[in-house]
Structures are given as C-alpha cells and as structure tokens.
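Order of writing sets the chain letters: A, B, C and D. Residues in each chain are counted from 1.
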Amino acid sequence: MTKTRGPGALDPQMRLQPALPVEELRRLLSAAFPEMFSSQGGLSILEIWHGGSRVRQAFAPGSLRPGGTISGPAMMGVADAAMYIAVLGSIGWKPLAVTTSFHINFLKKPAARALDAECRLLKLGKRLAVGEIWVHSEAAGDPVAHASATYSIPDR
Amino acid sequence: MTKTRGPGALDPQMRLQPALPVEELRRLLSAAFPEMFSSQGGLSILEIWHGGSRVRQAFAPGSLRPGGTISGPAMMGVADAAMYIAVLGSIGWKPLAVTTSFHINFLKKPAARALDAECRLLKLGKRLAVGEIWVHSEAAGDPVAHASATYSIPDR
Amino acid sequence: MTKTRGPGALDPQMRLQPALPVEELRRLLSAAFPEMFSSQGGLSILEIWHGGSRVRQAFAPGSLRPGGTISGPAMMGVADAAMYIAVLGSIGWKPLAVTTSFHINFLKKPAARALDAECRLLKLGKRLAVGEIWVHSEAAGDPVAHASATYSIPDR
Amino acid sequence: MTKTRGPGALDPQMRLQPALPVEELRRLLSAAFPEMFSSQGGLSILEIWHGGSRVRQAFAPGSLRPGGTISGPAMMGVADAAMYIAVLGSIGWKPLAVTTSFHINFLKKPAARALDAECRLLKLGKRLAVGEIWVHSEAAGDPVAHASATYSIPDR
C-alpha cells in the first residue's frame, strides 16, 4: 500500500510509533557506520517516528568554507542521513535501502553551528520512498536548505 | 534583503498583501498568455499573497494518459505556473522573470479532475527566488506531486 | 540486469535496435495519446534506439511567453516525452511506465521554433530507469535545457 | 555574455586555458579548505580548464556503508567540489561563489575505491553557472552517479 502525506503531517501530535525503538536504531547505526554515527562523525538521531526523523550534525571546523559558513556537502550529508533514518524508522532495519536521487536548494548561509535536519516521508510505497527534508541551523529559526530524496526499498 | 520562510508560513493567517491585486494580475496574464490563462487553456488564479499563490488547471481530456490518469507534464505545468504567479505576486509585474531550474517528485496518479497547485516562496532574494509547490487533485486530500523551482529575477 | 552508460553512448554508431519498430510505436502512441502525438499536439518521434530517442515538438504559438520565447513547460513536456519513448523503445510497449521524478535546468531562451529533445538512458534496471535529456531549439546548435528523469518500470 | 555548451564540449582537444594555473588553485584551496584539500581530506584536482574540471576523492574507510559500497554523501561531496573548481577555473579566484541548487541521480554502487568527478559547465552567465558532473569509480568505466548544479556568481 502506498501512503502519501500532506503538509499537515508535520504536526508532532500525529506522529506514529517507529518500526523500531530509537535506542535500537542508534545501536545498529553506530555499528554499521562507526565513523559517522559517533562522537567523531557527529551525526546523532534526535527523534524518529513512523514517517519521519530529526537528525543532528554536530559542528566540525572542517566543514567551514570561505566566509565562515558551513559547506554545501555538510548540509547534503545531514539531509541524506535524516532521509535514511526516516526510511529505516518506517520499514525497520533494512540497511541496504539506498538513495536513488537527491535534490537540494540552498536558502541561507548557515552559521558555524550544528545543523538539524527534519525529514518526513511524502510517499512510502513497496519499492520507492519519497521524502522532503528541511535543514536548520541550530542558531536560528529560518531553514538554511530544503531537500527532497527518493529511496529504493529492498524487496521484503 | 533576502528573506527565507519556514513551514509556519503556510498558515493562511500570516498571508501578506500581494504586490498587485489579483484582478490586475488576471488581466495582465490573460493578455500576455492568451492561450494558457483563458477558458481554452484552463489556468486560473485561485489566490495570491506576498510569497505564495494557489492556481488551478481545469481538467482537459487531452492531458489523460494510459491508465486514465493525468500526465506528468500537466502537473509540471500547473506547478510552474503557481511559482511564476507567486513570484509576480511578490515582486510585481516583471513578466520576464524566468525559471532557472525545476524539480518534481510524483507521489500519486491523479484522477481525471482539475489540478490545484499551491506555491510558497522559501527565499526571495534580489536575484533569485526559490519556491516549493504542492500539487493536489481536486478530487482528494493527499498531494499528487511535490515540486521546487528557482527563478531568476530581472534587475529592478 | 542493470546497465549504466557513459558519455560515449551518444555515438550514433553504437545505437542498438529498439524493442519495437518506430512505426509500431508511432501507431501505438497516436492511439493512446491522441491529443499529443498528432498534428494538433505536435509531438513526433524522430528516432528511437535501445537506450535512447529523439523527439520533436512542433512550434505552437500557444507556447510563447513574454519576450517571444518558448515557455518552460513546453521544454519540460518534450523532455518528458523523449524519456518515455526511450523507455518504451528499450523495454517494449509498457504504457503504464511512469515518471517518478524529473529535474531540469534551463540554459537559454529558445526562439519561436520547434524543440528537439534527445534522451539517452543512463541506467535501465528491473524497476528503475534513469535518463538524461538535452533539449535543443530547431534554430540553433547550443542546448536550451538539460534534464534528467527517473521512471518506474512496471513488473514484467 | 552567456555561453552554453553542448555535448561536443567534452572533447579534450577543445579545452581552453583556465582562468588561473592549476598549481595556484591547488595552493589557494589548500589554504582556504585545509581539512578537505589535504592528504587527510583526500580531495585533489586532477585537471582544470576553462569550463570544466576533474577532481578526485581518495578512498576513506569512513565513507563505506553497509554492503561495502561508498555512501551517497561522498559522491555528492566530490561532485560539488568538481563544480566549485570548474567555476573557479573559469571565473578566477572568487571563493564566495556558492551552490544554489544541486541534483544527483545514483546509478551504480561504487566499489571501495577513489571517486573521480568530471564537471563541465553548461552555462556560464554573469550571475549564474550551470554544470553537469559525472562521477566514476576509479575501479570501473561506467559512471556511478550523474549530477547537475547551479552556482551563484558574486558580483565582479
């Protein structure tokens, strides 16, 4: 069954239980991606639910670019991670799910702070998931980037 | 000055006055695009405000594709029109504003009905506007497509 | 089996036989999309091969926009048609194949002439096809737009 | 003046002199991005010319994901770097040039090897550059990803 979601799905009240508890997903991701989901890599899950996630990328000086702002690839990385985690939080631990396409528009130059990405799935089909991701700077209210991604879901 | 907007901007209560009245924009568009903004072309403005728009594409049998659903290009067309109108509603009548890039994810096959597109601008800079657009079928609640576009704004 | 292709695949010498003859595909498309693949709609196949296609959109005054150039949606339409035809020319007549995502960058304002789109598939998997599409004005050498699209392939 | 380029521009014979010598660009990038363009970060310029670049990302075990392939963000990072370097190689040292949008389709899972990205600019305008980027695995001929990006060029 394919389910699409509209803007209203952002309401935290409507959030459904994820397919696996956040603690278990944290443990599995740390084992599978030891250099990303670790204090060194700086990625961490803030929240997961069925159909969405919030993920944080800790600030790392190496992600700065001229002008003192954070580089585009750092924003892409946290957005892709949020999508991956939203998919796993919805279908369970299928680590071979892969991005098939990714699109991002950059809106503002982020300050030298952590980045938070919030993903919600717009479609969760048998073979394909589509999600949108907002990236915010920890420092400020307005989003710094808006992304969308498609994921191919392995056969169950 | 560049202004970015977050998800909260969808709230109709926060809608600001457009740069020109909707009746004037309708008249200008009908004159500039006589085959699109006409009963034959089927495009019409439902609403404009500073930073956004809602646009309808009337159903036309020629937009059907095998399976009885509406073709992708029809969804792209109404989404691009909503973005164009949101830009004009925010900067005034600058008909030479042009799309520089457009991206769309298709979520559901739309029924043989009118399509409504709602655009809101995520960024309105001096040179560049970025917007996201949700396309809905008149028939149902869930969105059928989600798009984003960038527009180049002529020098003022 | 999944096959990806690199830039060299543009060489016309390397073109393989399509999955069905061009005359048969023309007949099937005219029957399935009578308002698009007709003298009224103006879409026609110039060439198909396994993994690619060239498609023409005849000039129609209704596609003009202020400035005397052709509208973005007209470029999107011919690009999407070229992708659809490249997929059908590679997997045979599966008219329910649908676009799942589409992206386009606009490069130049096209003159008031026909548009030609050349698609080649970058990937043809069991479930997903990915293609890139160049759109040219009949009038000139340089491309006016560059697009990419993903298609979901129905189960065989 | 805006110049667009077609597929023929890939011919290495047609490559024009870059706006600054590759050695100078290497020195400037190492100073501006010490953690990326260094033996630790692993990014290096293979070649630049007016309108394009080839860039390598050395293999790093931290970029592996389950299945033994390289993660999507690593492919995005090298593609974005190739675009940035192609822009700088064409307009000179303007490090504040920034990506405004980025799109990528993933084609194949890359082996645990270096990634090479080749960018060529499709448009180089006063305000906007558009490029396409092919990402290859050092290990094999077929591309692993195909990207496009737009850059905003600072006022000169």
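Observations on the structure shown:
In the analysis below, contacts are C-beta pairs under 8 Å (C-beta built on N, C-alpha and C of every residue); 3 or more make two chains touch, one makes a residue touch a chain.
Just so you know, these numbers come straight off a predicted model, no measurement behind them.
Comparing chain pairs A-C and A-D by the number of C-beta pairs in contact, the larger count belongs to A-D.
Centroid distances from subunit C, each centroid being the mean of CA atoms, peak for A. Fitting subunit B to subunit D on Cα positions gives a rotation angle of 180°, stated in steps of 5. Mean C-alpha position of subunit A lies 33 Å from that of subunit C. Rounded to a whole number, the gap between the C-alpha centres of subunit C and subunit D is 27 angstrom.
Per-chain CA centroids place subunit A at a distance of 24 Å from subunit D. For subunit D, the set of residues touching two or more other chains reads 100-101, 103, 105, 130, 150.
By the touch criterion stated above, subunit D contacts subunit C in their complex at residues 2, 4-7, 10, 103, 105, 107-108, 122-123, 130, 132, 134, 136, 141-144, 146, 148, 150. Looking at the complex, you find that subunit C touches subunit A at residues 100-101, 103, 127-128, 130, 150, 152. By the touch rule above, subunit C contacts subunit B in their complex via residues 32-33, 35-36, 41, 61-62, 65-67, 71-73, 76-77, 80-81, 95-96, 98-106, 109.
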